[in-house]
Amino acid sequence: MARTRSGLSPRSGPLLVALVPLGFLAVFFVWPVVAIVRLGFGEGGVLAVLGSADTWQLVAFTVGQAAASTALAVLAGLPVAYLLARTSVPGRGLVRVVILVPFVLPTVVVGLAFRTLLPDGGVLAIVLANSFFNVAVVARTVAGLWSHLDGRAADAARSLGASPLRAFTSVTLPALAPALTSAAAVVFLFCATSFGVVLILGGSRYRTLETEIYLRTVELLDLSGAAALSLVQLVAVVAALSVGALARRRRESALRLRGRASVARRPRGALSWTVVGVALAVVTLLLVPVVVLVARSFDGGLAGYRALAGFGHEESLQVSGWEAAANSLRAATDATVLAVVLGTLASVVLVSLSRGRTRRGVVETMDTVLMLPLGVSAVTVGFGYLVTLDLLPGDLRTSPALVPLAQALVVTPLVIRMLLPVLRSIDTRLRQAAASLGASPWRVWREVDVPVAGRSLLTAVAFGYVVALGEFGATSFLARPDTATLPVAVARLLARPGELNNQMAYAACALLVAVTVAAVAMVESVGRSRVVEF
Amino acid sequence: MRKPLLGAVLVASLTACTLSSGEPEEDGERRVVLVTHDSFAMSEDVLTAFREESGITIDVRKLGDAGALTNQLVLTKDSPVGDLAYGIDTTFASRALDEDVFEAYRSPAAAEGPQRYAVDDTDRLTAVDVGDVCVNIDPAALAAKGVPEPANYADLTRAEYQNMLVVEDPATSSPGLAFLLGTIASLGDGWREYWMALRGRGVQVVSGWEEAYTQEFSGSSGEGPRPIVVSYASSPAAEVAEDGTPTTKAALDTCFRQVEYAGVLRGAANTEDARAVLDFLLSPEFQSQVPEQMYVYPSRADVELPETWQAAAPLPESPAEMDPATIAENRERWIDEWRALVQG
Amino acid sequence: MALTVSGLTVHYGTVAAVSDVDLAVADGEVLALLGPSGCGKSTLLRAVAGLEPASGRVCWDDVDLAGVPVHRRGFGLVFQDGQLFPHRDVVGNVEFGLRMRGEPRTDRVAELLELVGLTGYERRRVHELSGGEQQRVALARALAPRPRLLLLDEPLSALDRALREQLAMDLARVLETTGSTALVVTHDHDEAFTLADRVAVMRAGRIIQVGEPAEVWRRPVDEDTARFLGCGEVLSATVAGGVARCALGEVRLPWAADGRARLGLRPTALRPADEGVPGEVVHRVHRRDHVRLRVRVDGRLVDAVAGMGDAPPVGAEVRLAMDEDGVALLPA
């Protein structure tokens, strides 16, 4: 008996494509991390660290603050998502762009701003600052799905006697769950591994696994202690991701997607207006620190800005502010292109596998593995590079080429988390219809999945761009003085005494904000004119 | 979607590897990779002049703060990431020497002053600059409160300085560690009681220099609430009023000396040229730029400080010092003890 | 035969959704796969399309399609709920298949929109269309690239009844005009009989009976099929000289062979008449163009229909006569 093969699931195709992102992950993540952890194990003493009460206190605080920050970001992000997805209030486009600004602000600047607001620092300040960075992740990820959700199910619930709130919690919220859990997972990982904010606001009183791993690796060269903590961090992250995957498991199903135009309308009713009001309040709060620092950049009149055109006080910088801005844009473009390609490939593979008859566990494991770079300390990866990458041709260890690679490692999971929920929500039969009309599997992707997921892809591009623009850790290590980016320049200026340096730093921040808004607005407008608004 | 995809590919091909290409490696070009810390800075003119004169291009790679730099050198000692390292300081020198990261080389210029700061007699590390950590004060703010300017460690525990001092956490900040080491070097075992007293005086601890100096200190542009801060002996040189008078000053009897060293890495690809670059780091051209570029003092004795520095930030004459080996041996324990004392 | 399916089996895990099915569709023929939901008819259709991994053979003009993926089979597909591309307008949807083949499209799109009665709808967004309009677009989209076989998966069942009947007629006309070879999956026998040249009845993954609509309607192969085709009552009978006799009377079935048999009675098989078995009306309901009665005859309850004008009231004593049109003949 001959076997009739399905044209849509040639098993080898997705698996071959999977090799690209997985290979990248293996070389630039797994190998270095395993190498540095092994080195730590070689020194012994890992068990002692694992057994110490101190370690478990660190775990508790890390997970606790991350969970609290995530909850707050979700609570603040949902109304904004509603505003973006379901209303047609004027200025919506601007909101889409400006909520991304916190993402690029150098942590040292945000840390200082929150210290000013809450001089006592502490847990509250850490949680607030972490959420501040991440509200946009929730708002835009959820809005991506919400803007295509058919509202009639909620209408049905209303007609069955559900209050607007009840209809939201019992119908809309479950439908949004894929995007919501995706966003929450990303935010949780960002918060669990947030470094600068915890250091500045927590001092040595509030320490997390991340700050402790940093201290042990970078300052103390206590590799065994760092290895032990890295393992704990990895386990905690995998546990958190598994919980998220379990929550997602039943939720992701084909949704009836509708055109955006048919769901966005003027807010109606008290509840709707209240939500819009809350959303605007959240946006305003997000902008307060931004406005404060822009105002601060004018403290000395235009002195800071004039200085930007040059190389800083006593040539503190080897690049002018403008050159640093250009460097930032170039580096961010490299990283974004790389991450979007890798993330899209990975998402395509994950969706193809789960649409085929691959065992669910395989897909979920792969999904979790692809998320890990968000949950492992950057310094662990960075030091891992030192002991591994010299074995590759061209010794990348101190090469600026690592900057986009390292950034792509962080941005790729973000892209996956934004694309996957939407791709998974596309009805398989829509794709089958295209195939029956003569579209090859690749053509189906191009004609159906990509355009339908276009808005989310656009969001992913914008996010990738801002993450890369704001990236500091890897860039400050690896960028040459003449390729310094704006965040690196800001940090450098702030690390020096003198009023002019300070003004310049804030002027550079303001420039970073301006560059971000301009870049994101451009990505969005180019994208929107190309991706049919539906 | 055809056009955007094409567009993306186009953008990718135009911009890809903007950073990664680096400088083109020309045939026969002599290149020395100088690994250093984040604070490294030198004017382009000086570097260009050196390249034109020697034919050597210096490729600067920053690896984080002094601790990160040292630890990365230790981790990569079998396969060094550069030819020459600059920025290992007093607190980390011992670890680098124990791990045998550097090879011996005595520059002819070492005799012009750098040798005064030598760690040992093996010539593996050469002092390039000196950066003292001292208590900085805001005289105007103190005068407004009607209290005299503190001059030494003991003064800071007096009742009139209640809630005026801000210091950095020695676990997370290099000046914070230097200040702690200064108190230990000056006060011996009495340092614990001293810190208990400071705690009673409401000393504020923050995690980094940026918070302490730019946010909490009243003498900086941040105009914070505290008039006394742990910073560098050189900081007042940056806080000069329009008429040229300094607005802050360093208490010169509260200083701890941190020396920054350079050395040729064992296993360097280009040892000969690395030595030439080390000579250049000690040259009058480089040394004279060190203050304004990096806010530290030259290690050469025969290089004049800039005028503003002579007035606002002279080199402390008798700072506290400590043997790098002693620091390496005790650092972790001292930090732990300090944490228990001050934050417990 | 254009399409021949032989020994086709589709497994979901250990369950066989389709078992060992043989089927043939001739060029220009419309075959309906008729069966209750869950009988495997959609799975069979999907296997023919190449969307389900299956064992057995699917051939087109005697060429095995085993290695031919969906997009190269040239089979058009219409789903129950259209599955229009939400990001494209009406033209964008209809021209899709032509675009995939790089064929000129303007004239063809206009032609098809006219065929399905949607001229003027070119630039409409698909979410602005009604369900019926969406199905018409889906049909036009599937037909545009001139598929050699059209696969329709419950194409009308998502629509309301009036629309369904209208569209069924339109669909029949379109299939005839275009001379399409088609496989229609449906659970509605009216729909099957309206559209199809032949009907294949499926149950539990197997094809039970294949034949022309009238034949299948009159002579279901077994009791389950008869019941699925609307026979509420199955009674033993004897046929002699073109007349069948059973407990509820006799009926002329000139096409029936003599001998023992069974009769399947649809509600329309019994009507109030001057003569016939006596009974008492216990329940009556108005339907669209007739009245449905529940009548107690000899202690058993049977269905019957009456005209709108002369339907007896509940409690009335009536006599019921058998009507040939409502009777199916089963083997004994």
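Labels for the chains are A, B and C, by order of writing; each one numbers its residues from 1.
One rule holds for everything that comes next: contacts are C-beta pairs under 8 Å (C-beta built on N, C-alpha and C of every residue); 3 or more make two chains touch, one makes a residue touch a chain.
Chain labels with UniProt names: B = Thiamine ABC transporter substrate-binding protein; C = ABC transporter ATP-binding protein.
All of these numbers come straight from a predicted model, not from anything done at the bench.
Touching chain A and chain C at once is no chain at all. Of all chains present, the one whose mean CA position sits nearest the global mean of protein CA atoms is A. A separation of 52 Å divides the Cα centre of chain A from that of chain C. Chain A and chain B have Cα centroids separated by 34 Å. For this pair, chain B with chain C, the centres built from the Cα atoms lie 85 Å apart.
Residues of chain A found to touch two or more other chains are 447, 451, 454.
Touching chain B in their complex are the following residues of chain A: 108, 111-112, 115-116, 199-200, 202-205, 215, 217-221, 299, 313-318, 327, 330-331, 333-334, 337, 340-341, 383, 386-387, 390, 395, 397-401, 403-404, 446-447, 450-451, 454, 476-481, 483, 492, 494-499, 501-503, 526-527, 530-531. On the chain A side of its complex with chain C, the touching residues are 1-10, 148, 257-259, 261-262, 357, 427, 429-430, 432-441, 443-444, 447-448, 451-452, 454, 532, 534.
If you check the complex, the residues on chain B that touch chain A are 1-5, 7-8, 11-12, 15-20, 22, 33, 35, 38-41, 43-44, 59-65, 67-68, 70-72, 74-76, 79, 81-82, 95, 169, 171-172, 205-211, 213-215, 220-222, 231-232, 235, 238-239, 292-293, 295, 332, 339, 343. By the touch rule above, chain C contacts chain A in their complex via residues 7-8, 47, 49-58, 64-77, 79, 83, 85-88, 96-97, 100-101, 125-128, 138, 141-142, 145, 147, 151.
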